[in-house]
Amino acid sequence: MEETKWEPKVVGFLCHWCSYAGADLTGSARMEYPHNIRIIRVPCSGRIDPMFILRALQNGLDGVLVSGCHPGDCHYQSGNFHARRKFAVTRKLLEYVGIEPERVQFSWVAASEGPKMAQVVKEFVEGVRKVGPNRLFKDEIKDGE
Amino acid sequence: MENKLKEEARKLLKEGKVDYIVGYGKGTVKFRTSPLITNKEEDIEGLVINPFIANNLSRYPAEIKGKLGIVVKGCDSRSLVSLIQDNKVKRDDIVILGVPCEGVVDIKKLVEQIGADIDQVKEIDKEGDNLIVKMDGSKKTVLFGDVIFDKCFGCEYPTPLEYDILLGSEVSPRVELEKSLKKIKEFEDINAPERWRYWKEQFSKCIRCYACRNVCPACFCERCFVDVNIPQWITTYGSWQDNLVFQLIRTLHVAGRCSDCGECERSCPVGITLRSLQRKMVEEVKGLFNYETGVDKDAPPVFTHYEATDPEEFIK
Amino acid sequence: MVESSQNENIEILTYSEVEEVSGYIGNFDVRIRKKARLVDMKKCTGCGTCYQKCPVKVPSEFDMETGMRKAIYIPFPQAVPNVPVIDKVNCRMFTKGKCQICQKLCQAEAVDYEQEDEVIEDKFGAIVVATGYDLFDASVYGEYGGGRFKDVISGLQLERLISPAGPTGGHIVRPSDGKEPKNVVFIQCVGSRDPEKGFPYCSSVCCMYTAKHAVLLKEHIPDVQTNIFYMDIRSAGKNYEQFVQRTMEQYGALYIRGRVSKIYQRGDKLIVKGADTLAGSQVEVEADLVVLATAITARHDSKELAKILGIPYDQFGFFTELHPKLAPVETVTSGVFLAGACQSPKDIPDTVAAASGAAVKVAALFSGDFLSMEPLVSTIDTSVCSMCKACIEVCPYKAIQEEEITLRDGTKKKQLKVLESVCHGCGACVSTCRSSCIMLKGMTDEQIFEELMAVAQ
Amino acid sequence: MGYKKIKKDQLNTFLSELSKDYTVVLPSRSGGQVVFAPWDGKNTDFLDWYKNTIIPPKALFFPPVEEMFRFRKGEEGYEIEELMPDKRQQIIFGIRPCDARALKIIDMLFADTYKDPYYLRRRENSLLVGLSCNEPCDTCFCASLDISPGQSEDVDILCTDVSDNLLIEAISEKGSNLLSEMSGLSDAGSEEESKAKEMRKSAKEKIARQINLSGLQEKMRSNFENREYWEKASKKCMACGICTYVCPTCHCFDINDENRKKEGKRVRSWDSCKFPLFTRMPMENPRHEKWRRMRQRYHHKFEYYPMNFGTIACTGCGRCIRECPVNVDVTEIIGGI
């Protein structure tokens, strides 16, 4: 009965210059995207520590979206290139230990790509909805809810 | 090999080329060796090289001031090179005494093979590909290849890649990659919730002694991120959740700098299969960025550099 | 230029290249290679005897190969400094080992074949990049002759032909036979606005200079007919549209909206075939001269320069400004400013505006004793830093440096510091630092973590 | 009360009977290691393979992580929810003499001027059934510390494995009361008794490792400032916390409050003097260098504890020697002073 009420709650770490601006554009262009996402603005995708992702999941968020500028477009020249390497292994490790890949999504969204932002969020939230609520970090005992 | 080591070590100390010799000495626990760090010539006689030299000594150069003559196996030499890349060790400050290594005996495996407690074993000799295990009144022969650490199966660089003095002739690699990756492959075949459950159980055992971190040559931080209290990412005491997150982040921190020496898993007093995480990362870093830890001391460390063509098919 | 060269606060280094830039805003260390011009600048009086008597003639780069120059030359009569340079590639002294005419004739004894490059290392407070542009090579267009027809020239070549100081002294003649053209075709957007063969962007100045050329042609050759093939007329500027209208109405330029499909030779004429999309018909023009408005492109070596300066560039090689609207002359590297077409195609007023802007930015920078910066910068807790220096590697601005300090007990200790004036606050160092000893002010782990906890509630 | 005995294959019945009133905790294999865990009601095969656990039984009384209480800011100040251990009675079955002694040693601290309610409640509600060692490990050196591997005064009941039988002996009154209520035990004959004596003697003789305690405290005091000694001794130490966490007598802990918004909890967890951050409050660990921390540990065990409580805080269980990744050996270090 809880399942019908459950709505995914996901967090998005968006870089200030591209993806955050892209999300802004989505709004100002009056495009809709799922309300399930809460956005945290960071200066650059290179600022994102894999710790943020794990911490979000540990605190019960159902998914984490990480988004930055397209390669070559980084406002800080190379932040997203460094981030890309980091994310590549992070994703592999999380998958290896058994975290559903749907829960952690990376994307490149430019400031002009309002529609893409909406699309990415929509697909991501749908993916999270499919894998269900995040119970990964719950203790067995407390699962009896 | 042992005699050559003693001879070279004595020479290095006598000529003042090094302040300390870091090698292996006889341990006080059966068949275990123990790091022997000395600046005295009379201690040199205690140096040993045998199939039980498990420790990765490359952690010491970052810690001990002065010039060191250090004994390394293939995998240890790569840790050392990685430390050179990370600016923690100056190449000129160390004299590397390389040990071509055929593999190191995992005493746990040995105990399983002989079906007896290690305390009952009196003597172990290596004869060719066999180990002759002498116990009270009985003798058992086990295949050397069956009792070495898992990491040794996949070892591509048994002879140190970086050395000043090589203490023996080169050993050809024992690349039994399949055997080495068997556990990882098997693990990947189980479904995600089961995999998660596995780690949950593993990290419920963790007592946060931080041996995994403290024995790891790649973990040289003055202050570990778990010890940061503003913000306190991870509590200093261990719930399995925090233990797991700690280890995952540690794994990411050492990714690309881990030479798969396996010290974390060997040291873990509660037997958490830590190497499985590390080895997985070694594979991924190799697959994604074609980078192997400590193979080239002039190569830029993998996570402070990038290529415009790095894989990104996972990014939408 | 002459005025600048006489200002005591301005030193002009021509025939020089920047080789290395390190340091940071207010403290740039720049290494400049002053190439050997083989003429002693201090001795030369600028009399001009040497290049008048030099026996070697080569096509002049400045005149876009519409005219010739000597192997010892000044690029154009008003060049600053008025000191010639020897072109080693063509000079007989270097190709054949003998000649020495210029040296013998020089009364000031300024010619020195043995002169070597001079390397200057100096400190500078700011850098303005104004390296200009290159022109698109139109020979990729087979339909315009692919570079085979002498009488298909670029707008800039026509500019040289019109110039009184140009190779023809201002007489407009066809390169092939020196005849005065009576029917001239202009083709706009050659390479620009063409993602297929050239570049998607608009070169921004061609509409206006083509109109100007049509006017000048008419003034020089009253019976000339100008035909202009265009895509749109982009005349967004003060009085620009009126000028274009005047070109059509008073100077009789025939504007044809459409593209040219083929140019071929018939006798001494060039036949230009194209479409008139407004009339909906094919047109064929018998032309004496065809002038291509070739695209403005980034300098061929702009990417190398960008790397030296530590500034970003776009996919076409133009340098990228800090912000397209709010910081159009700044770059992400503090203390490096942009002016002119090295940033994007610009016309003269825009270039002057940008240059003035950059100059004022520099002046404002130099006027203060302190520099005010965005507060979003990183700081290092050196007490817990383990000196792995990974942060130095990932910092795109070289904002993290090693320094040596003396402790109270007299021992020296190496540690890292962030140059706050150089840091842009991207935070790459923060996430790279495994021991979390770098903090980005205003975007600390703690702040982000609190945000996350609020989101998770 | 004399010796009782039970056939080893009858142990199941004995344990079942105990399980009626007590939670029986005994050695079992879990996740590849030996731990004390509640009895599954079936297996008694631990007699065949059990030597000792890696995590000492102190964890049953003083757990690695313990929530002490929770707090919540209500409308009228803070509400506190106490989290005392429940009053369930438990039997620790199979504790070794060295570890039983270790509990006696920790008792001195936790029941001294400060009486630790968490520890003491568990202690009071527990009954120790010891199991004497017939085959001590290579790393054991309890004999040097006046502990007999086969004998213990620190348990309530002591069992000795004599081939087919388990010899059972009540040591404390509590133990004697319990035994008198048990059915299914028979009296042991003199044959078993003498056999047990013999085994105890031989077990003690098997212990080869020694630690020299004569005049130790004097020696330690005069060696205290011998920096060179301690630097050399600690050179190979990796400064992890294994030795302290597997030590049956180490008892240092850290207390943390975890708050979020208006509620939180206070948690006590093990801490280790080997960590650079140990006692780093309010400023700095006074023992920043590794050798100072190592010296502190040994001095605490072999000098300060005897000074305060009259007994050395080491039982010779050998865990620290066995588990140390670099084989730092307490007998070597103490012996070298």
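By written order: A, B, C and D. Residues from 1 in each chain.
As a working rule, a contact is a pair of C-beta atoms (placed from the backbone, for glycine too) under 8 Å apart; a residue touches a chain by one contact, two chains touch by 3 or more.
Small disclaimer: the values here were computed from a predicted structure and weren't measured.
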Of A-B and B-C, the pair with more C-beta contacts is A-B
Dist(centroid_CA(subunit A), centroid_CA(subunit B)) in Å evaluates to 36
Distance in whole angstrom between the CA centres of subunit C and subunit D is 79
Taking each chain's mean CA coordinate, subunit B and subunit C are separated, in whole Å, by 55
Subunit B to subunit D, mean C-alpha position gap in Å, rounds to 31
Listed in rising order, subunit C residues that touch 2 or more other chains are 394, 432, 445, 449, 453
For subunit B, residue numbers touching 2 or more other chains are 225, 233, 303-304
Touching two or more other chains in subunit D are residues none
Among line, ring, star, complete and other, the chain touch graph is other
Subunit B partner, complex, touching residues on subunit A are 50-51, 54-55, 58, 71-72, 78, 81-82, 84-100, 105-108, 120, 123, 136-137
Subunit A partner, complex, touching residues on subunit B are 187-188, 192-199, 225, 233, 241, 244-245, 248-249, 251-252, 255-256, 277, 280-281, 284-285, 288-289, 302-304, 306, 308, 310-312, 314-316
Contacts from subunit B onto subunit C in the complex sit at residues 86-88, 220-225, 228, 230-231, 233, 253, 300-301, 303-305
The residues of subunit C that touch subunit B in their complex are 383-390, 393-394, 432, 434-437, 445-446, 449-450
Per the touch rule, the subunit D residues reaching subunit B in their complex are 31-33, 51, 54-55, 64-65, 135, 137-139, 235-236, 238-242, 244-246, 254, 256, 258, 267, 269-270, 272, 275, 277, 321-323, 325-329, 331-332
